[in-house]
Structure formats: structure tokens, C-alpha cells
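What follows is a group of structures, each given as C-alpha cells.
In what follows, subunit A forms one complex with subunit B and a second complex with subunit C.
== the complex of A and B ==
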């Protein structure tokens, strides 16, 4: 349902990122965690950002909403949400967006919630600040929200402290805080990592349901290709700070272009594959981002790499098979080829 | 796969004093055959890690027996157990913190040999170097370095080398690949599979990840709130689960393929507290097909199909299919 309505207003991009780079100063030298990333997200759509540890997926998602501390960090390029510039903007300006237009769900709800405050008060806080609600109204609305995210006996639970709730419950509270002020854009960073599989299914179902109701736009950051497969409209695969492949979810899984994405898929054990299926692993490790390799960052681990790959980094280009399928590879798989420039 | 190398009977592990006692493991029985990999799967708090630790006598059983290689382990003193550990080794989830940060890699891997009295230093060095090469670590480059200089995957390789250097028979692996990135996880799973074949190892593979457990295991046991629900050959158990909990677990799992539609029977709520477990079947409070009998009578593990046991009064129909064998699965 959402997909149909959003397709009709195809030009309505809520998130526009252009040539965004985020570099940290480290004792060993400067580390480019996000390297020249451009992307757009249409209103109501969800983008999955997938990658392994250190691929830059979390830094990218936080850069987009301005959530990185400015110390030791430089950023170039631009990111806008609903036309509001995020990069290089004062903290005071960003505060107006956070909560009301943009919200975030973090991986670890235990550390993201304040341990010494009742969860009801923590939900009410953003209502009082952003929506200027009275104390009484905010309290009632907080209980309402707890009910909405499926917490049983919400009146009683609103008086609980985070340590009195299970991991799944705490994540539901985080979601209640995130949606409290009716944001349009939600960033969920590994929202179900660390949760049990049955609880993960419950939380993902809840997020999908809330998104449908409010036509929320979402970035879902995860290391798990299984989570993005059924929960997102588009997927971007990150490696060494760059987007190396991006496509509508079904298209990506059906016709992988980039050897790294294929490697990730092939090394994931599958519940629907017979027992003792040999996994094909990717040898080696991701490059050191302080001293990145000259050519394609994946070339040192790629079994298909040729001379060109070690010399020249491939740009993210559209495929001739599907203009929405982007890849950064000199020798793409499955019959993909770069569209000629200017086409 | 002939005789059982390990048999666990009615194992009970209790934590805490009488008043707040929690039965983390509440009567678990299974056997692991020589050369076999038994997977033990379940959610947080189901008692799977405690079971593994109780086998190595890292936790003491309140009752029940653990028989390894023809010998009862539960009555052994700490000193006696220490000598048996040469044949029983354990691998942990966090490889970096399970290696001593102040010791060099070559000394970490040599330690079991020193404990078991391989006195000859030259022979020790040869064994250590061979073992490091087997797990894909270059002893010439790595031997004199410290754990902090290695990645998680490399530290897990070093842990494997340390556990195998004294030639054990049984490895208990507790979530050993859970903290690793998927590409590294695949490397370690493949390495473990190869080493198992080469050294004729028997494995108890404890993990929460259903797909990983299926991949490495010959048989799989499913645990819920301190008890076994189901135990059977991997492919059979995953294709035709008999216990409603197994079915719910499987349907909650994700597959990296948007075209695979798993039957979606989302389980409501969360497991009850083991301090005050439900009477009868422990899963009944969340079970879609629970009846009055389930509250009154504890279901015993019984064989319903050849080699496939279930602890349920009303097991799912044997013709039931939860997951079709996907045609594009390789």
C-alpha cells in the first residue's frame, strides 16, 4: 500500500545525501569512515544499510542526522532532511529536528535509556520539550504510546525503571520514545541485534506496522542480510566506507552485481539449506581505512580482481539491466554492465 | 558414530539458595555419539550454556549424571577433573577475553602441553607451530605477539589451536562464532568442520543462531526454559519440527532472500521466569495448541519418528511442513 502511494510521488525525496564524507582524526592518522556517499530516500520508503563491522554503516546513518560529536571529525558534502541541511549546522538547529522530525532507535536499549528514570517519564520528556505538552497530558500520552508498542499493562510499566524490563520490552520503550512526537524519518541502528529470534520478529513486525500507519521513512542499519531481505524497499551495501552496491531489495537479491555482496550472501548460513552445506567464505580482512588501498577497496580479497581493480577505484554506476541497480565494480556479475555516461 | 562418547542423564543445575533457587537446567538427558556434532539451540536464559558448563564441571550439577568416555564426571574432585580436561575442551564466545592478554601467542597455545606434562621443549614447539599452521596462523609471524594485536576471528583461531593442541576428544563450543562478522564466521565454521574431520573430534555446538547450528550439526537439540523440547537429525528437525516451540523459532528466523516466505507464526510474549516456571509443560503459557493436560502433566521426551524425539503431548503432525526445501538453496 505504501509503495503504491510513494511511487506516485516519485520526486518526493525526504533524505538527500550528496558526496558526503566523514573523516576522523585518530592517533594513527586521518580515517575516512564514510567516503563520498550519495543517496536519496523517497518519502515512506525504507532503505537498509548493510555491512560488516567497520564498514561505515553506523557512521553514515549518524552523519545523515547530525548525531556525531564534532570533535576530531571533519565532514564534507551535504545531507538534507526535508530540505534542512544537516552537515555543518549548529547543534541548536539540529535539536529542533531531533525528536520532532527525525528519530533514532539504537542497538542497546539498556545504555540508550537513562537507568535512573522511570520509562514513562523518559517518554514524556520529549513530548514536553518538543510538543510543549502539560505534565499531565504527556503522562497520559506516554501510557498510550506504551500500549501502542505492545507493552502489557502500560500504566504499571510506565512507572518501571529500565532494568526492570526485559531486552525486548526496553526496545519497545525505545521505539515509543522514537515515535512519540510523530517524526517523519526514523533511523534504526541494529534495532534487533542482541535480541532473541522470536523477540526480533516481534520488534521488526512492530516497526513495520508503525511505519505503515504513519508513512514513516526509515533507514535500517544492520549486519544481517536476512533482516533487510523482507523489511526494506531498497538496500545499500557498504564496504570500507563506500556504498558498493545499491538496488531495490528484490532486484539486489535476485541479481547481485558486486562480488563483495555475493561473498556476503554465500558466507551466510541459511536455515533453508541442507545441513553441512559448505560455506564459501571471503578470505582476508577489510582494509585499514587509515591507509586504504589505491584501487577498489575490495580488490585485495576479491577472487575476480584484475590489474585495473588494483589501480583504479570503480565509481558507483547504474546498471544497463536496471537503472535503479547501482554498483561499484569494474567486472560486475550476472550480466550487469555500466550504463554509458550521459545515458 | 557408534557408542555415545558423552551421555547426560537427568541433569539438574540449580543457582542460588533454597529460597530463590533457580533451576537453570531442569532435567536434561541426551547423548553425543563419537564423531558426531550435536547442536544445542535455544534463546537467552534457556540453560544451554549452563548445560555445556556443567558437562565440563565448571558448574556443579545438583543431580543427574554426566558420563564421558565411560566415566562418571559429576563426583570427581577439582583435581581429578583437571586431569580429565585434556580430553574435554571448551571454546567460548569472546575469543579476545578468553586469551590471557599478557602472554605471547606461542605460550598461550603451549600451555595445555605444559599442564599435561609434555616436558620436551623442542617437541612442544613443534606441536605448537603445527597447530598454529593448521588454524591458519603463521607461527613465525604471530608466535611472539600478544592477543591484542589480533582481530576477533584470529583470536578465535588461536583459541581453537589452544584447545586442540593436547588432542582432546570432545569440544564444547559455546556461541563461538556469534560475535564474528558473517564472512569471518564462515571462515571459522569451515575451519572447525575441517579440523573435526582431521582430528576425529566430537562436538557439542551451543548457539542461538538456528542457521549456524543447522549448518554444523548432525543432530540438533532444542531447549526451552531448562528442558529439552525436541531432539532429532538436523534436516528432519528443521523441515518437520514436531514441537510447537521449534516451529515458532524456525518461523521467526530470517532468510537472506526476499522470495522465501516462511510461515509466520509469531510467538507472543517472552519466556516466563525460571524462578517460578509453569506447571506441566514449560512452554504451555505461550503455546498456541496448549490444552488442560499440558498444565497437569510434564511431557517426557519420547521418540516419535526414528531418531527424532519430542517432549510434547500434542506434537505437530508428521506431515507438517514448516519450511519447504528452497529450490535456490545451494
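== the complex of A and C ==
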């Protein structure tokens, strides 16, 4: 009986990442952009990955779906999507997943859509290649998809080039391309960063709605904690290529364990604060990933750092307050404490 | 759109007018007296005066220029002084232009036919073995002057392996289309090597830059093969410099064309240009210069018109 339950739980995890590291060879030396990351995502859930620029969130999300160009890069560990191994397999194997099972939405829809092809063709192309649709069917389905993502007069818009559409519409086109072939897993890399605030909400609502309809699993990469708070089930906070804190979204915002996460939260503007309140910021810069510091990577910027922090890097451990709340800190906040190993 | 075209056409006319005035003046600085060159051994003072009066050389510079301009604008290009027996210039142009345009056109077809697939092949691994080898090959080809390329190609293709007709076998397309095309291959090939390296270099570099763009990652995430991404997504946005380069190259082909035409005895336009310089055949030379100017500026106009079609991000000013 127990075995069956375990198996069901295991098969419920659509994404399983184990000890994944991604290292780039640069002229200055090797740069570990993703450092020994493990995580799982249950089917239908959404995981927010937050962190500063250069924290490795984009590299991690692209590593998980195998989308990094292979030149100058080495990967160790494992990542599976629906049981399909991603790390170290041939390009041919990945082609079967991309577009059909896995899709991606990019930050800047202006540069992520091919400027010289009509948007309708860019949607239809995916349908023709992955679903082997006929030219005519693909064209009709592309117009349907444009309608589904809320683009007015889709027939006319399908013949437009990306530069003839507004930013919000381009992002909708990109979402239409992503969902065209009915993927199960979606990686959205800063999908709203380049958009007006009002359009941001519309695009996020659209993604939420489409996810609900198709029970779509999602990774949402962002640096906007406001977006994370409302749109994700779980959050992973990245710093210097590692996950430094991970928890269900509500739990994280209620009881932050990591001083870095607290710093991120404190540097977010709050609507209930009096106007002209100065935003606090985290002093210093993220560490150089070619020569990472010994000990905790955040220690040089941490106001609470003690000797131990500079000597020994903390492991990612479960909290005694909530076993789903993981953190990597020697001196956690809010009464968190590491569960004893093996408990 | 109408305004854009209108402005272009006005600029076009102004450039042609300026070129006509400049060339009219410059050709009168050519060494040697055109009357002496024309009359040769039958030169006498009376003959010279009679000829000068007949063709209007006894009038002032601007009188000559405006007479010429008036005639040209009404479609009368006049007669050559030296191409016997007093052939009309329009007739000369209509006979000599087709072979030259044909060869120039095919040279670009060959240059693009090689440089496009070569670029697509090498950009998969920039600075890889294939890329380096192709670069060296293209630069070597670029360094071969037409003066060498034509005889060497003749030696191999016409003499040693006898796959192409040799020199002096020119026939017009109307007479024998197949033979005409076969004769075109050799000069077109010899001239194309000069354009090849430039076209290749421009396209390769632009493709490498565009391969860094997000839309390539997006295309990958759609499950497209690398081959499809290169041909369908990267090639077209990378063709802007290439197209501009083709436009600029065509004007510069005339020297190579001259060598090829002389060597292969092709009765073409560039041979005629050089001959008219040699003999100071003012009327013919002026018509030739205007023809070249017209072709070069027209190609620029066409290129400017095509660029926004190739890449919709480019606006028509």
C-alpha cells in the first residue's frame, strides 16, 4: 500500500531536478551559473524563481528544459520532465520535447519573435512541425489561438509583422506560440518585465487562465516579488547560482528564514507605506561566480553574518517549523531551525 | 509611400543631372584632340573645321551641353563619330548592353548561390574548422584578379576539360539560348569570385550576430531543427548588409567585365566604353557614362525599396 502511494506521489512530479550544475567556460575561468540545484515541481503547480540579475535564475530555467547552447558549457546532475532525461541527451531527443511538451515564454517579445516573419506564420510553423498539421489547418488554428489569447481581429493581426504590434500584443502572440501545441510544462522567463503595469496584470491573468484550463505546470522566473506572491504555489530564491530558500509561497512570505530573502522583500515598494518612504536596498553586489567566496555566498553582504558564515557554506535544509520550507543559512530568522539530519 | 517614391525620383533626377554635367566637363579634359583622333590621316584644317562645325565642337561648352541635354531628353542620343558607318548611339547601346548585363547578372547569381549556402554552413560553428577553411578559400578567390581568372578558367574549362565553349563563340540569347548561357558561365564565374568574399563575409557576420538573438532561442524552444532555424529565421534578417553589398558591387563590376569581354571577344558594353574613351568619341562616351550612372542609381533605388520588404523593422524614412 505504502509503495503505491509513494509511486503516485513520484509520478505526480512532472519536473525532477537533482544536483544540477551548469558551468560555462569563460576567458577568465569556469563560471558556475547553477550550483548543485535540486527541486521538484508537481503537475499543475507553479514555481516562482526569484533572485537578482545574474543569480542564475534564467540559466537554471533554461538548463531544466535543455535550451542552453551546448558550446562552452558543461552540465552535471540530472533533470527530467515527464520522466524524459534532459541533461546530456542528444539534440534530437530534446527536439521531440520542445514545442510539444515543453514551451517557453521570453522576457522581451520584440527580440523573441522573428522580426521578418508574420506572427501567424510563426504560430502555424510550430503546429506544422510538431503536430504535422496541414498548411491550411495550421493557419486556421493559428488564428484561433490569437483569438484565444485575446487579440482583436486575429485574422488581420496574423498577417502582421511583430514590429507592427504593441508590446502587450506581442507578448500575447508569444503566449499563443507557447501554448500552440498543448505543452504540459511552461517556462516563463520574466514574461511581464518589459510591459506597462496594466498590461502586466492582463498578461499574467491570461497565463493563469490558460494554465487553469490545461492544468499546465509552470516555472515563473522573475525579480518581481509582487508577481510571485500572487501567481505561484512555491518559490525558490536563488543567489549566486544556488537555491538559498525554498517554500510554499504563503509560508515564505509569512516566515522568511534567509536574511537575503528578507533583504529582497524589504527592497520591494509597499502600497501601505507612506509616500516618499525611502526603499531599503541590499548593500554590495552579488559575488563573482568565477571566484566565489568561501563560506556562504551572501555572507559578505549580510548584516547578520558571523565567523562561521565566512568559513562554511550552509547546506539547504528543511525547517523545524515546516518541513516544506527549505533554507541555506547558519543563523535563520523568525525562529527557523534546521531539522536534524535523517529525521 | 507616394511621398517616399516622389522624393526618391526627384533625388534620382538631380543625381543624373549632376553626373551628366560633371562627365561632360571631365571628358573634355581627356588627352588628345577628338578631331585629330577622328580624322586620323585625312586630317586637314578644312576637314577639321568642317567636322567641328558638323558635330558642334566649335560652340561654347554650355551651348554644347544644353544642346546635348535637349536632344537626350527628347530621346535622341545622336550618332557615334567613330563606330562606322555613323551608327546611332541607341543602336550601339541596345546591341552591347545585353551581353554585359547578362554576365553581370549571372556573376551575382553565382556569387549569391555560393555565399548563401556557405554562410549557412559555417555559422553553425563560428571559427570552427569549416569556417576558417571557407574564409581562407573565399579570401584566396577574392585575391585572384579577373585578368588571371579568365585565362586560367578558359584553360581548364574550355581547353583541358572542354566543357564550355571557348573565346569568340558569343551568340545572342535570341539566336541560340543554350549556347548563349553556356558562353556566359565562364565570364560570370571569373567575375563572381571578386564579389564572393564580400557577400560571404557580410552574411556570415550578420548571421553570427543574429544567432545570439532571443528569437533563435524561441525558435529552438518551438522544436525547430537547426537547419530550419538558420534558413527560415536567421537568413532573412541577416540579409540587409548583403543586399546593400550586392547593390554596391554591381557598379564596380565594369572593370572585370571589360577584361572578360576583351579576352573572350564578347561584343559587350564595357568594351564599347573603353573604346569610346580611347577615341574621345564624346557623344558615345557621354551616353555610356549616363547608362552606367542610370544603372547604378537604379540599383540603389531598388535596393532601398527592397530593404524594408526584407526586414520590416527598416522604415522607409
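The rule we apply is simple: the second predicted complex is superposed on the first by the 331 of 343 C-alpha atoms of A that agree within 3 Å, B and C clash if a C-alpha of one lies under 4 Å from a C-alpha of the other, contacts with A are read in each partner's own complex, and residues count from 1 in each chain.
To be clear about the criterion, a residue touches a chain if its C-beta (ideal position, glycine included) is under 8 Å from a C-beta of that chain, and two chains touch if they have at least 3 such contacts.
Only a predicted model underlies this, so the values are computations on that prediction, with no experimental measurement involved.
> For the combined arrangement obtained by superposing on subunit A, do subunit B and subunit C clash, or do they fit?
fit
> Based on the superposed arrangement, let me know which partner A:294 touches: subunit B (first), subunit C (second), both, or neither?
So A:294 meets neither subunit B nor subunit C here.
> Would you sort A:100 into first (subunit B), second (subunit C), both or neither based on which partner it touches?
second
> Let me test your reading of the model: by the given contact rule, A:276 touches which partner, first (subunit B), second (subunit C), both or neither?
first
> I want to verify the contact counts: of subunit B and subunit C, which reaches more residues of subunit A?
Comparing touch counts on subunit A for subunit B and subunit C gives B.
> Just checking: does A:166 make contact with subunit B only, subunit C only, both, or neither of them? Give me first, second, both or neither.
first
> Kindly classify A:308 by the partners it touches after superposition: subunit B alone (first), subunit C alone (second), both, or neither?
A:308 sits against neither subunit B nor subunit C.
> Which value, in Å, gives the least CA distance between subunit B and subunit C in the superposed three-chain arrangement?
Shortest inter-chain C-alpha distance (subunit B to subunit C): 12 Å.
> Once the complexes are superposed, what residues of subunit A are shared between the subunit B interface and the subunit C interface?
Dual-contact residues (subunit A): none.
> For a test of understanding, state which residues of subunit B touch subunit A in their complex under the given definition.
These residues of subunit B touch subunit A: 43-44, 151, 153, 181-187, 189-190, 193, 208-212, 214-218, 234-235, 238, 248-260, 264, 266-268, 270, 323-326, 329-330.
> Note which residues of subunit C are touching subunit A in the complex, please.
Touch list, subunit C to subunit A: 125, 213-215, 217-226, 228, 232-233, 236-237, 310-313.
> Using the touch definition up top, name the residues of subunit A that touch subunit B in the complex.
52-53, 166-169, 196-202, 205, 223-227, 229-230, 249-250, 253-254, 263-283, 285
> Show me the residue ranges of subunit A that touch subunit C in the complex, using the header's touch definition.
Against subunit C, subunit A makes touches at 62, 65, 67, 71, 91, 95-100, 102-104, 106-108, 111-117, 125-126, 129-130, 161, 163-164, 174, 177, 181.
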